[in-house]
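Same chain, two partners: subunit A is paired with subunit B first, then with subunit C.
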Partner chain A sequence: MASIRRTGGEKLWIRYLILGAWALFCITPALWFLSIGLRPRTEIITPQPIYWPTFSLDAWHMLWSDWPMAKYLRNSVAAIFGSVLIDLVLAIPAAYSLARYEYRGRDDIGFYILSTRMMAPAIVAIPIFFLFRNAGLLDTVWALMLIYAAVNLSVVTWIIRSYMLDIPKELEDSARTDGASDLRILWEIIIPAIRPGIITAAVIAMIFAINEFLFTLLIASTPKAYTMSVALANFTGGSDGVIYNAIALVAFLAFIPVFIVVVAIQKHLSRGLTLGAVKG
Partner chain B sequence: MARIELEGIQKRWGPVWGVRDVNLDIKDEELVVFLGPSGCGKTTTMRMIAGLEEPTEGTIRMDGELVNDFDARDRDVAMVFQGYALYPNMSIYENIRFPLRMRDVPKAEHEKLVREAAQLVELEDYLDRKPGALSGGQRQRAALARAIVRKPKVFLMDEPLSNLDAKLRHAMRVQIKHLQRQLRITTVYVTHDQIEAMTLADRIVVMDSGLIQQIGTPDEIYSDPANTFVASFIGSPPMNIVSGVIENRTFRSEGIEIPELQIDHSGPTSFGIRPEDCVVARDASRPSHFRGSVYGVEPTGDLTYLTMRAGDKNFEVKTDRSYRADLGAEERIAFDTERMYFFDTESGRRIT
Partner chain C sequence: MTDSLTKDPGAAIAAPGSNKKKIVRRRSKRLKRLFPYLLVAPAVIYLLMITLYPGIYAIIQSFYFVKFGPWRPVGLENYVELFNDREFWAALWNTFVIGSISLCLQCVLALLLAYYAYRDPWIQGWRIVFLVPMLFMPSAVAFIFKLAFLDGRVFSDLLIRIGLIDSNLAIPSSIWMSRALLILADTWQWTPFLFIIFVAALQGQDEEVEEAARLDGASWAAIFWNISLPLMRPVIAVALILRAIDITTMFANVFIITKGGPGGATETISYFIYRIGFKTFNFGYASAASVVMLILTVIIAQLVVKRAFVSGRG
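On to the complex of A and B.
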């Protein structure tokens, strides 16, 4: 806060310079990918530097004609949104319970929920594979939905809980004396009041889900349940060799929606992240 | 319409006491004010009546029915919270309407009831706004409107005027009293402001550290205080209380001598007199009880506050508007001997 007072003219341009350089540094990979994605395949693997790249939509056409990209995209979207929905439906009541009711072992339960996040995913990979196989869910989008939801549930619960702790208790007391039941309090008072927190949690879960690779590879063994992230891996194998421009283009396309969402809600996001961290 | 009986009420959180022992019978249609310093248990007692807090010991009855196990929503009380507790995402209209929706009041009546309540607190023009776009006073009135929109058995108001400026506070005080008389609903009102208590209450319950110190009408509390706590909490400026000794029916303390007492008591005693029951005795032939030096003179327009020094304590006197004196000047004060109070120094209890 103290530095705000020093925002004199001569200091201001230094700030912009530093922030601008950092922004450029962060955005460069994305732009780089875009540039690779929009060039012909031959141009990408030449050993000499190219100063005036040729524009080509080869990779773009290939994605949609040679590969069932639309299907992968659909799988991704279904698995991701489905998982976020599952997370919210489960996490909101769980967070409410952790934030508001007093019962024996509440804090322990809160810790157990959080501790699922502390485990390295590889440890549970094999058991989960058998679990889903026995349930007959291997190679389905449903399985992806479930596994993404499971992976993110703890974080989503924790973020929403921290927002709920911020709501004055008087608000609920007031609703109660006005005659509202617990469910109505949750639905009409709490949820509207923590909408930013819910959005934050959902976006974070979304980002984790988009980037999820290990479990997806494990469960989606055929193109039937492939998602974008696993489809990417396929461009590196097969008879065609590594198809760099297609990889780059898919990566860039996967990056766009996340980028837009994060920019749109960045104010809430930083608050959500720090709250989740500090209020543990 | 309800009578509320509290019997042997205690509230503890582990080792922390909220309320130690409260026995109280609130009559139907009565306006009772809980008065006491911050932390004395006023809010806690009120929350127990509302059903938001469970008493550790004791029973609460409404109209004779034991309600200890009734949830807040089944007690049919309306509460104005200290921090307003308006629902931030709803408009003022929706805020006021909320209790109607929750209590299944027929939809057709909502609009009319909400507008009536808003009108009573002069908030009709703000119904579309969110609470965040209102001033403190408007929020307070919105909270009040939400409480009066339906006709509950009991109103509970927790320092509802604490955040208003002096002028608005006075206006709202009058409005609340008027409303309560008009609606004839049993009301418990919490405040730490003795003026509010005196002006509003049918009966005042003076509390300190979780205990009731005295219950009585404003008159009784003012002219018949049960102990030094009540005596010094009521009045502005509060009652002067000086410790001294009674011997041979004469009270003596530094600068003070009161002979020919009518009470049968001797030994260490505290003497109390209100600033308005003292007069400056400039005429040397007039008897006086207290001799001291002038410490401060504060003209306020309609009267003048004179502060005298008695030992190491200040002694307040209300004098007429024309009174002036130099600091340090010697002054003689006479007491209205009909309005003197004596308290046991040890326990603070009143001696009669």
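On to the complex of A and C.
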């Protein structure tokens, strides 16, 4: 049945005027920034802004010749994938425990895990800086991996927990009467059944890890462990001023994979972003 | 039930070496009870390392003067100094002002957009357009706005072209324009976050309720205001809390766009702690500020977040 909702209510031109205006507002700065990445440096900061620049791949060449861009990319990828892996290994059993067992303190434990999401990075930044310094991990990808995993663990656990709560208990009960152990049920029934949830959690964790800034800034203080996010902030090359075209290109380099995975999990995105609170 | 006890994975571990069934049963029973704790323990221990350990460390450090040399105990001096520090109060105030304006603005915009979008037959296809700002790294977004409003003066130039102003805006020296710039950058990037959550919540609502109201002659605005909005209150609460957490801990935008200027008018609490700790290297003092923030966070978590996330859910 074609519902009333689909055919809409008030005048359509108002709807499309408002949505169209907002779409423009979203897209224009992004496209303009892309044009910054594809113009020569001399046309970026000028007495009069230049709206139709000459096309140039200067920044692209500079990126690979003047900076160890490949290394930054490698660092980002290693730290991000490593952290997501740590998160999944820790979060899946934890979420299973929170979603499927009744025991004393369960809700408090669940809330504790969630509450770490609220912790401002700045609050714990100083002790963590010393912790990693004493462990000799400053300026390493390992430190970044560990910290990204910690930052995202709450989110990953809660998303997966939400998907586990959706699985009918009967599914497990029949397996249990067949004599399967709890761990086998988790591995062979639950995990395959919530694969979309696990993928969603991994994607959200990946995006947050790419975005992470303050910890990365503190832990990666030399180019040895720079990731894309912090490398950006350091394209401010002293006497050269801020090298905007390189920044713009790096921004798009990081944007493309995020865009692709978000399109892939679109249906689960709002659920993931609310840690499972919205079943959209 | 007893059958599944012996099939418990813990039983297999406990069994070797002991032939007495009784002991096995008792051990496996204890393991059975401990099993959910064992599952959740690694995650909790991992998180304690980044919350409890740093929390205790910060509390201890806040009673010392720590710069480069050995720690020197100073009692409550750091806290006394902190509560008399105008910059600290200013940072709290700035965080509140910038955060609450951003949050209200984003919530209203997202609700308005969601109201127009959720009934659109094509919205599933083209909502990705609305998500674009959210998919950039926050540090990249900060540079977009820094260039457009400060270094490149594009915004001023556009306003001059359409005749609204005569000369370039002096944004960096204006308190409210600097704050507005941070608010705008945050709003551009994160309104989409609220938008897609609200759209999903609206589309998840029962259509029949709407149709019934519609047949009774209610207008779409009335339906939205009286039916849809109250129904999605829990969702709005969760989304706004998540947004509020990120706004109050805003760092990259301040670090890149304004550096806290002019005269500290855009210095948020995160930037304050960072500046004290890593620019002046007064670690003990910064830790005192961290502890105050930590206490505020715990209070707010208990009062607000717990209610939104834990209760009211199945």
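To be clear about the criterion, the second predicted complex is superposed on the first by the 243 of 280 C-alpha atoms of A that agree within 3 Å, B and C clash if a C-alpha of one lies under 4 Å from a C-alpha of the other, contacts with A are read in each partner's own complex, and residues count from 1 in each chain.
One rule holds in what follows: a residue touches a chain if its C-beta (ideal position, glycine included) is under 8 Å from a C-beta of that chain, and two chains touch if they have at least 3 such contacts.
These figures come from a predicted structure and were not determined experimentally.
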| item | value |
| --- | --- |
| First (subunit B), second (subunit C), both or neither touched by A:109 | second |
| First, second, both or neither for A:117, with subunit B first and subunit C second | second |
| Touching partner for A:26 - first (subunit B), second (subunit C), both, neither | second |
| First (subunit B), second (subunit C), both or neither touched by A:48 | second |
| Touched partner set for A:127, first subunit B, second subunit C, both or neither | second |
| When both partners are placed on the shared chain, which of subunit B and subunit C touches more of subunit A | C |
| Partner chain(s) touched by A:181 [first = subunit B, second = subunit C, both, neither] | both |
| Common interface residues of subunit A - those touching subunit B in one complex and subunit C in the other | 176, 179-181, 184 |
| Touching residues (chain side subunit C, partner subunit A) in the complex | 3-4, 7-9, 33, 35-37, 39-40, 42-44, 46-47, 49-51, 53-55, 57-58, 61, 109, 112-113, 116-117, 119-121, 126-133, 135-140, 143-148, 151-154, 157, 188, 192-193, 196-197, 199-201, 203-204, 207, 210-211, 214, 219-221, 234-235, 238-239, 242, 245, 248-249, 251-252, 255-256, 269-271, 273-274, 277-278, 283, 286-287, 290, 293-294, 297-298, 300-301, 305-306, 309-310, 313-314 |
| Subunit B to subunit A touching residues, read off their complex | 47, 50-52, 71-73, 75, 77-79, 81-83, 85, 87-90, 98-99, 102-103, 146, 156 |
| Complex interface listing, subunit A residues touching subunit B | 168, 170-171, 173-181, 184, 188-189, 192-193, 195 |
| Subunit A residues within the subunit C interface of the complex | 3-6, 8-10, 14-15, 18-19, 22-23, 25-27, 29-30, 32-33, 36, 44-45, 48-49, 90-91, 93-94, 96-98, 100-101, 103, 106-107, 109-128, 130-131, 147, 149-150, 153-154, 157, 165, 176, 179-184, 207, 210-211, 213-214, 217-218, 228-230, 232-233, 241-242, 244, 247-248, 250-251, 254-255, 258-259, 262-263, 266, 269-271, 273-275, 277-280 |
